[in-house]
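Both complexes shown next keep chain A, but they swap its partner, so chain B is in the first and chain C is in the second.
On to the complex of A and B.
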C-alpha cells in the first residue's frame, strides 16, 4: 500500500426526484491505494453502485454530483470535460457490471465489443487488437477463445459473458477496476472460478479494485480493506480481518450476524430489523437509528461524526470498543 | 439460412393460394359485368352468348379452376374496358406507384430516423416537445384533406409545385423515373410528401421510443464505461438495436404504402395502380380488379420475405437455422 491512486473527498451525489431530494451519496470520503482491493459492502439502495457510477462519471439526469471531489492521481475527475473523462474511462479506470446478461450488446459480436474498446484508446490495428483480445479471454479461463470471439452474447452462458466483461475491463491494464457485484448473478462454483481468475490477473498487474457487493462473505475472501455503506455514507471502514473480527458499528455487526454460515446450527438466523430508509425521508439523526439496538435519544436527533482510531474509522455515537 | 428461406417460400405459396380464393369469391360477388359490357338494347340471345363466351354460365368451382390455371400461366384475363391483358395494364402502372411509395418511404426514413433519435436522446427538450406535437398532427389529419391542403398551399397560393399528373419521365440507370427530370421531381414532391407524412410521424415515434428504452440499459452504460465515443455509442450500440423493430415496421408499412397510395393517387391524379383500381371498380372491370389484388398480395409476400431476411441479418438472436460451432 504505497501511493493513493483514487481519493474521494466529501462526495455528494444528489437525485432530484418528484418525491424530493435524495442524496444517493452523502459526503462520502474514501481512499483507494495502489494494488489494494477494497470491499464496498451494503444493502441494496445504500449507494454502493452510485459510488462506482460517480467515479466513472456515469451519473445521468436527474442525478448529479453536487459536492466534493474525486482525485485520480491528484487530478479531479469532476473538473474534467467529457472528452478527457472518456479517455480515462475504460483505459485507466474500468468498470464491470452486475448482470452479465445485460452488459454485452446483444447485436454485436464479441470480437467487435472487445476490439472497439482497444480502438477507442489506442491506435492499434485490427490484427493486434484481436491477438490482445484472445490473450485476455484465455487468461480469464475461456476455452477456445478464437471461436468465442466470433460468437454473439446470446450464444454464451452467463458465466462466460461475465468473463468476457471482465476481460474487456482488463484489456487496457487499468489502474483501477470498479467491480459492481460482478459475481452476484452467477452460480457459486462459477463465482469461485471467476474470482480466482480475476484475483490472479489483478495481483500480477498490481491493479486496484473497488469490489462492490452486498455479500460480506465474498468481500472477506477478496478484500484487503472493507468499507461498509449505509444510506449513502460509509459507516465503518478498516482492514478486512479487523472489521470482520471486531465490528465497531452496530450495522456491521448486524450484517455479520445475518450471514447464514456464521450462524450457530439450530438457532434462528438473526437479522437486522426493518429495511433501508427512503433516501428522500431520512431521519434527522443517525440514519441507522430506527433499526439500531443500541440507539439512544441522541441518535435520533444528532448525526454521528466520524471517529478515527488507527487504521479504522466508524460513524456511530456508541461504537463497540475495538482493541488497538 | 437457406432452409429458412425455403420454408418461408412454401408458406408464401400457401398464403397466395388462399388469397386467390378470397380474391375470386370477392370479385365474383360484385355485380354482373355483362350488364355493363353489352348494350342496353341487346336481345336475350345476344346476352346469353356474351355470358357463355365469358364463361359466366359455368359452375363456380369450374370458373375458379379456370381462373387459377390461367393465373399460373400468368394470364389474369383481358380487361373488359381496355381490351388488353389486365396484367400488362397493371404492370404498366406499377412503376409510377412504386416510385411514389419509395419516395414517400425515403422521406419518412431520412427525416424520421434522425429526428426520432435526437428526440429520444433528449426527452423533454424543446425539439422533442415540438416534434412530438407535430407527429400527433401528422397521425391525426385525414390523408385526403391533408392532400387538398398541400395543393392549396403549394400549388394555388404559393404556386411553387404542380398539383396533378406525373410530369416528364426520364431514364435514370436504365429505369424510367420522374426523378430524372426537374419537371418530374416537382410533380412527384407533393404526392410523395402527402403519402409520407403519416409514416414519418410513425417513424419518429418508433425511433424515439426505441432509443428511450435502450439508452438506459446496462450495455449502453457498459459501452460508456469502456470509454467509447458518444458517436459510436449512439450510432452502433443504440441504433443497431433500435433498427431491428423498425425494419419490420418499415416492411409492413411499405406494403400498405403501395396499397393505400390509392387516395393520394386519386387526389393528385397520379397515374399509378391505385388510380387504376378505383377506375376499374367503378367500371366493374373484373380482370383488372382481380389482377390488382393478386399483384398486391404478391408484393406483400415478397416484402415480408425480404424483411424477415433483413431482420435475421440484423438481429443474431433470431437468426434461424442456427450457427454451428
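On to the complex of A and C.
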C-alpha cells in the first residue's frame, strides 16, 4: 500500500467579508498518496485554488483556517510556526500558479532565481547549482538553456516563463506539487508540450501532484483520481476513469453532459440551469439543490453527508447508482 | 450569381510601432533601420455565406482577433478589400457604408469591460437603436423587455447595472445589445472563453437558438476546437496571419490535411481517452515581427522539406470545399484536379 503523504481532514477556511461569512472551504477532506496525480476540478469560486492556498499556508486576513487539519506525513501544517512552514514550503511542497509571473521576480535574472533557491535550501556551491539548473531547464524542453539562464523573465514568452516556474518548483525535488491551473493561459500546442514534460519529470521522481483545473478534459489526461468541487465542498471523488464514465453526483453529471463533444453536433447543449450560488448566501441544504434536477424536499433542508462506496465517495442524497 | 454575405478579399494588415518626430530624427541621424512592422494578417481571403456559422481558429498571436475587427469594420485593412453582398465597402458612399456596418455587430471576450459600468441595462440595450432611429422612444420599454427575454434574462432586471450580474448574464446583455440593431452578422471574438464550463454551455445554447431562428450569420472566433466543432458549419485555421486550412467542419475534423491542423486536433485533451501521454509538436509560434521564410509553419513541422523554407505555399483544393496551404499536398489527386480546372 502506498503511503499517504498529505491528509486534509475536515478543513474549513473562512472569510469574513462585509457581505457576511463565506466558507471558501467547507469541511473538506482529501488524501493524497505517494506518486499520485489528483485532478481537483471546479468552476470559479468553488474553492479549488483556496485548497491549494490553505495547504501552502497562504491564507491571509480576512481569511483564516477555522477548523480541521492538514497532515503532511503525519505532521499538522496548521500547527507549524512561520519558520518551520518556510522550511517545508518550496522544499517538500511546491506550488505552481496560473500566472508564472506570480512566482518569478521580474527584476532578477533566471539563473539568480534558480540558483538562489538551491543555495538557500541545499547549500551547494554556485557551479553545481548552475549545472543542476541547466539540466532541469533542458528537461523542461527549453532550448539553449545556458542563454535562457542569463535572461530576465520579461524577455521570455508565456510558455517559456511557465516552464521556468515549473522548473523552480521541481528544483528541490518536492514530494508534492500543487499546480493551480498552470496551463490554462497557454495555447493548445504549448499546453501539450508542458504537460508532456511535466508528466515525464514527475513520473521519474514519483512526485505527487494536486492538479487544480476547471477543465475536465485536461484533468482526465493527467489525473489518477478526480475530486469535483462545488461551493467549497468536494461533492464527488474517485478514480478518474470511473468518475468520468459513471458520475454519481448530479453536478459532475451535468458538467460532463454540457461538454460539446458529448452532445450531438449542432444541437443545443445539455446545460445546468442557473449559476453558482454566492458563498455568503448558501442555501441551507445541499448547495447544488437549486440547480439540481434530482432535488427533493430533503435537499433544500438538510446538507447531504458523504457516502463512501469502495474507492469512491459522493455528497448527495440521491447519488446515481455506481456499478462496483 | 449570388455573392457571399461578407467577403474578405486578400486582406493584409500590418501594425507599425508608434514613432514621434524626435524618434524619427534620432533614427535618421543614427541611420538606424526603420522599425519592424508586425504583419498580423497576410493575404487572407474568406467568405461568410448567409445563415452559416464560420469558425476562425488559431492560437494567440495568429491574427484571429485582428481579422474579426477588420470584418466588423473596427480596423481598416492595410491592403485588400471587404465586400458586403458583393459590393466593396470602399465603393459605398459614407452613409450606405455606415448603415451596412450596422448590420455587422461584435461580441467580445470580456463581458464586463465591454459594458459601460455606469449605465443601466435598459440604456445599454436601447441606446444604439434610438441613436440610429430604429426605435420609437415610445416603444422603448416593450423593446427592452423583448430584447432581454430573447436572450433568456429576466426583464425585471432592466434597471440594474452591469456589476449586479454574473459573468454569464453579462454576456447575455452583450448579446442582447448586439441584437438590438437587427444585425445580419454577429462576430463573436472568444465570446465564451472567459466563462465557466456550465455557463459556457448556456451561452452556446443562446447562440444556437439564434442560429435556429435563421436570420443571422456568425463568425465565431475561438481557440477552443471542441466548441467550434459543435457550433460551426465551416472552419478556417489561422497560423501566423495566414489561413492554412479552410473547410467544412466534417471535412476538417475528419480528415485534416495541413500538418498544423493535424497537430492541433491531436493535442486537444479529450475526455474518454483516459490518462495519456502527449507527443507534442516542438517549438513555439514564431514572432510576427520576424516571421520565418517560406511556409510559416516549417520550423515546427515534422515533415518540412527544403522547399518549405523557401516558398510560401498557396491554398489549394484538397477536397470538396476544402482548401489547405501545404507543399506536401502537391501531387495528390485532388491537387491535379485543381490544375485541370484552371
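We take it that the second predicted complex is superposed on the first by the 320 of 324 C-alpha atoms of A that agree within 3 Å, B and C clash if a C-alpha of one lies under 4 Å from a C-alpha of the other, contacts with A are read in each partner's own complex, and residues count from 1 in each chain.
Throughout what follows, a residue touches a chain if its C-beta (ideal position, glycine included) is under 8 Å from a C-beta of that chain, and two chains touch if they have at least 3 such contacts.
Note that the structure is predicted; figures quoted are calculated from it, not measured.
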{"item": "Which superposed partner A:84 touches (first chain B, second chain C, both, neither)", "value": "neither"}
{"item": "Touched partner set for A:120, first chain B, second chain C, both or neither", "value": "first"}
{"item": "Contacts of A:260 with chain B and chain C, given as first, second, both or neither", "value": "second"}
{"item": "Partner chain(s) touched by A:218 [first = chain B, second = chain C, both, neither]", "value": "second"}
{"item": "Chain B versus chain C as contact partner of A:241, first or second or both or neither", "value": "second"}
{"item": "Which of chain B and chain C A:302 touches, first, second, both or neither", "value": "neither"}
{"item": "Winner by number of chain A residues touched, once chain B and chain C are compared", "value": "C"}
{"item": "Which of chain B and chain C A:311 touches, first, second, both or neither", "value": "neither"}
{"item": "Residues of chain C touching chain A in the complex", "value": "59-60, 166, 168-169, 196-202, 204-205, 208-209, 223, 225-227, 229-231, 249, 263-264, 267-282, 284-285"}
{"item": "Of all residues in chain A, those that touch chain B in their complex", "value": "56, 58, 60, 82, 86-91, 94-95, 97-99, 102-109, 116-117, 120-121, 147, 151-152, 154-155, 165, 168"}
{"item": "Contacting residues of chain B [partner chain A, same complex]", "value": "216-219, 221-230, 232, 236-237, 240-241, 244, 314-317, 323, 325"}
{"item": "Complex interface listing, chain A residues touching chain C", "value": "43-44, 141, 157, 159-160, 187-193, 195-196, 199, 214-218, 220-224, 240-241, 244, 254-256, 258-263, 265-273, 275-276"}
